[in-house]
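Paired with chain B in one complex and with chain C in the other, chain A is shared by the two complexes that follow.
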Partner chain A sequence: MLNQIATIIADGILLGLIYAIAGVGLSLILGIMGIVNVAHSAFIMLGSFFAFELFRRFSVDPIVSFFLAFPVFFAAGVMVYRALITRVELAPQTQGLVAMFGLMVLLESLGTIAWTTDTRVITAAYTNRSVLVGPVMLANVKLIAGALALLMIVVFWAFLRYTLTGRAIRAMGQNRFAAMTVGVNVRRLSAVMFGLGIACAGSAGVTLGMVFPFSPNTQILWLAWAFLVVILGGLGNVANTLLSGLVVGLIQTGVAALLPFDYVYLALYVMLAVILVIRREGLSGAVRRQI
Partner chain B sequence: MLSVFFLKSKRRRDWRTWFGAGLWFALLLALVLYGLIGTRLFLLSTLGTVFMYVVLTQAWNILGGYGGYLNFGMVTFFGTGAYTSAILFHYFGLSPFLTAPVAGLAAAIAGLLIGIPTLRLRGAYFALVTMIVTLAVQILALNLPYTQGALGIYMQPIGLTPLNVERLFYFLFLALAILVTLLVYAIERSNIGGALVAIREDEDAAEIIGVRTTEVKWIANAVACFIAGVVGALYAQRIMYIEPTGTFQFDISLNTVLMAVIGGPGTWQGPLIGAPLVLLVADMLRVTFTSEVNRAIFSVIVIIIALYIPGGVMGVLERWRRRNRRKALSTADEAIPGPAV
Partner chain C sequence: MTVSVPRLEVVDVSAGYTPGHPILRGVNLKAEAGRITVILGPNGAGKSTLLKVVSGFLTPQSGAVRLDGADLARLPPHGYIERGVALLPQGRSVFPELTVGENIELGGWTMRSDRRRLRSAVEAMFSRYPHLLPLRHRLAGSLSGGQQRAVEIARLLVANPSVLLIDEPSVGLSPIVAHQVYAELVALKNEGRTILLVDQDVRAAIKIADYVYVLNSGKNDIEGDRAAFEGDLGAMVRKWLGV
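Right after this comes the complex of A and B.
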């Protein structure tokens, strides 16, 4: 019994790390730029397929893909920013939402055209192996994915906290116009920030692809998890996002142990509703700023 | 809780207004006549689908177009209605024609369950949650004991010839489309419509001048979901077999958003223009492309419209009309607020 609980907790923490990395990008883009990136999970899906294709064609290990995904998706993010976001930044929020919704559908249908709706898995050498840590059996992939996610989150946190660019980005998040007056190049930094958020999504996709089966048309589920992490943790704060990711992971493994698999989604929605009701104006960042 | 009354239109009526109204009536008359004498099954059924989407898009328009709170998961409520009537038929033998209001009620309750937590907040929470919920509801429909999972539910055939069945649904959906369009027209001319537009334009200001923003959003959403549920129930009877993936197909959500955005959200004419346009293009594309390519093309159209033509067809018309009037008056002292996306 105790063993079982320990397994649930360990599993929950590893899962939570993965959820946290899925949420970080969404949280930063929403918190700092005020953009509701509904296409976030589509980029996560593309990240998974990025690793899948590299693995299948060139047998590149997913761990390597994780680091490769970052620059690739950063570039993609900057491109999306230049092509799409700059045009709707000052328009009413609904207009930006519709555009991002279109982007999400576009990416999903392109994914379906390229890879069909089949469910895929990445089977590296260490998949299906596990190690015994004390009394707890842990799957290797989860350990690796969790470690990568943690590394990424820590790097992100340090970047925002200690580098000049990071500070400028945070300043922009606090007050865009004040940051502009003191000489922050808001345009360029917004592009960087959006690129970083998408890069995060891509890398998160790689870690998710290592652990879970994936297909283009179920990507929206990741949006649900990422969104849950974000509203629980608040916006634009990496440390809080990590914490809320862990909480969500623990709740999920806890619920999954008690209920049949399919009701996890019901629990997810109930959680979402409860948090939204309790944290009413907790997301002040998004309330103040529009796209 | 809320009092509803009509606002006086400030727009001057001239011959153009009557001409426009005449055109709409002529179109309506032509459609009714065709429904009575037309014999081409394909055309009747396509037009029936157009009317169905007009109803759905008008429903979406209430909160999405006027209020600016986008529902990216219209199919959730549509499917809830379809399943409600199917389950009522399967277990109690009740015809969907009778249970359509019940199905609407079930969908409205689903709408309230989603709307109450999310519409109290500003911003994109409602849009995000409606988008997310579709897949969750689909999974529930696949796994709940009384929906028969992937097996689906068969409905009772109506004892009519195929042509007459199509004719029946043609007139049913046409009638619904007229009713809902009248409703949206009335909303546009009422204080509720004004409140919704105020919410879209500036919610803080709306609250300050005394609009009960949260309640208005809840009601608008519940009404929209009710309509979607009724349509879903009729749809279930029309195709006579429903199962989770076909009923909760994402295309329905996408189509409603697309039709509203193309036609012009926040206007009662928008859905009437958008629905036939989109379905026409979809039918033309379907011949050459698979549904995924189709969807990709439509998503590109959505992006282009959001970026370059906010307001859709009606927005373009409005801008053109305003320019003409300004030319005529040459004193541009009256500014008419155009609809945002």
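Right after this comes the complex of A and C.
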């Protein structure tokens, strides 16, 4: 019995780390730049297919793809920022939302053309293996994906906290005008921030693709999960997004162990409703930053 | 601390927020090195708009903004900072969720490629304002209004700008703290910096001014050195109010 509980907790933590990495880019883009990036999950989906194609065509291990995805999706994010976001960032938020929704539909449609709606899996050498850690049996793939997610979250957190560029990004989210008065080129830094958010999405897609089956349509499901993590954790805070992801992961594995899977959604959304009634800003207490 | 001596010049500047509706209409002024130049005027005269123009936040529709003869008018705000022209905006402008140390460090953003120089400039600010040292690791948003103003001034000075654009420095401060802020502006002037001050506190501003410009309805109205304004403040304010 104790072993079972330990397994459920360990499984929930690993799953939570993966959810956290799916939410962190969305949280920072929304919290710091004020952009509701509903296309975030489309980039997660592209991240999964990025790993899938590298694995299928060139036998590149998904762990390697995880690290390759970061610069590739960063560049994609910067391009999207320059081509699309700069045209709508100062417009009313609804225009930005429509633009991002259009991008999401476009990417999903292109994904369907390229890969059809068939469900895919990435079956690496370690995919179907497990390891016994003390009394707990863990799937290798979840352990690896969770570790990669944790690594990225820690690096991202340290970047924002301890580097001057990271502090400038946080400053920009707190007071955009004041950031400009100290000489920050907010256009350039916003491009970096958006690029980092999309890089997180791409890398998250690799970890999700390692663990779950996926198709171009599953991005909508991931969008819901990512938003759940973001709303629960509050905006623009990496540590709280991590905490929120862990809570979601633990609830999922805990409820799924006792009840049919559909009750997971019931439990999560009831919890979300309760938290939003008690704390409008989510667990973190952070309010949305205006830019 | 010694600084070079640039001169800021605004030449026939017209500027506004919508095409065809200028707020500033052919404004001219000169700000000399080592002097405090004050801009006064009633609400809506265009004082804050003028500061936005000379800090790069608003591109003039016509005219020039010159620093030592070089036209800056089309530069973005960070271009002005890189040339030593820094703005202290009206109201609170600290980054509330960064520490005092982090706030001051960001004042040296333009020096970021030389970390050693940046670190030494930050330490120089803590030496200059030792009362900030015990607050170094506190979140700036948790400080009092006066302490936040001190952080803003320290942040403004990290990159050692030679031209300071100051917008309503005493808004929201107690009289004692406001007095300290004005005393600091005089100290900065005495270091050779060029100071352009926009203020609603006419009496306090004239007290430290070397030269005063009055704007009215987006145009130059009257101007002169401090002595010309000290005696007849009441008449000037009555004129603004149309009484």
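In this text, the second predicted complex is superposed on the first by the 272 of 291 C-alpha atoms of A that agree within 3 Å, B and C clash if a C-alpha of one lies under 4 Å from a C-alpha of the other, contacts with A are read in each partner's own complex, and residues count from 1 in each chain.
To be clear about the criterion, contacts are C-beta pairs under 8 Å (C-beta built on N, C-alpha and C of every residue); 3 or more make two chains touch, one makes a residue touch a chain.
Because the structure is predicted, anything quoted here is derived from the model rather than measured.
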Legend entry - Superposed partners chain B and chain C on chain A - clash or fit: fit
Inset, instruction - Have a look at where A:V105 lands relative to chain B and chain C in the superposition and call it first, second, both or neither. - result: first
Inset, instruction - Determine, for the superposed model, which of the two partners chain B and chain C contacts more residues of chain A. - result: B
Inset, instruction - Could you look at A:M1 and tell me whether it touches chain B, chain C, both or neither (first, second, both, neither)? - result: neither
Inset, instruction - In the overlay, answer first, second, both or neither for which of chain B and chain C A:L164 touches. - result: second
Legend entry - Vertex chain A, arms to chain B and chain C (CA centres, degrees, nearest 10): 90
Inset, instruction - Identify the partner contact of A:T181: answer first if only chain B is touched, second if only chain C is, both if each is, neither if none is. - result: second
Inset, instruction - Would you check which partner chain A:L132 touches, where first means chain B only, second means chain C only, and both and neither mean what they say? - result: neither
Legend entry - Superposed arrangement (fit on chain A Cα atoms) - minimum chain B/chain C Cα distance in Å: 12
Legend entry - chain B and chain C footprints on chain A, overlapping residues: none
Legend entry - chain A to chain C touching residues, read off their complex: 164-165, 167-168, 170-171, 174-175, 177-185
Legend entry - Of all residues in chain B, those that touch chain A in their complex: 68, 70, 72, 113, 117-118, 120-125, 127-129, 131-136, 139-140, 142-143, 200, 250, 254, 257, 261, 290, 292-293, 295-296, 298-303, 305-307, 310, 340-341
Legend entry - Footprint of chain A on chain C - complex, ascending: 55, 57, 76-78, 81-82, 86-89, 93-98, 102-103, 105-107, 109-110, 112, 118, 155, 159
Inset, instruction - Please give the residue numbers of chain A that touch chain B in the complex, ascending. - result: 36, 38, 84, 87-88, 91-99, 101-106, 109-110, 112-113, 217-218, 220-221, 223-224, 227, 231, 262, 265-266, 268-269, 272-274, 276-277, 280-281, 283, 286-287, 290
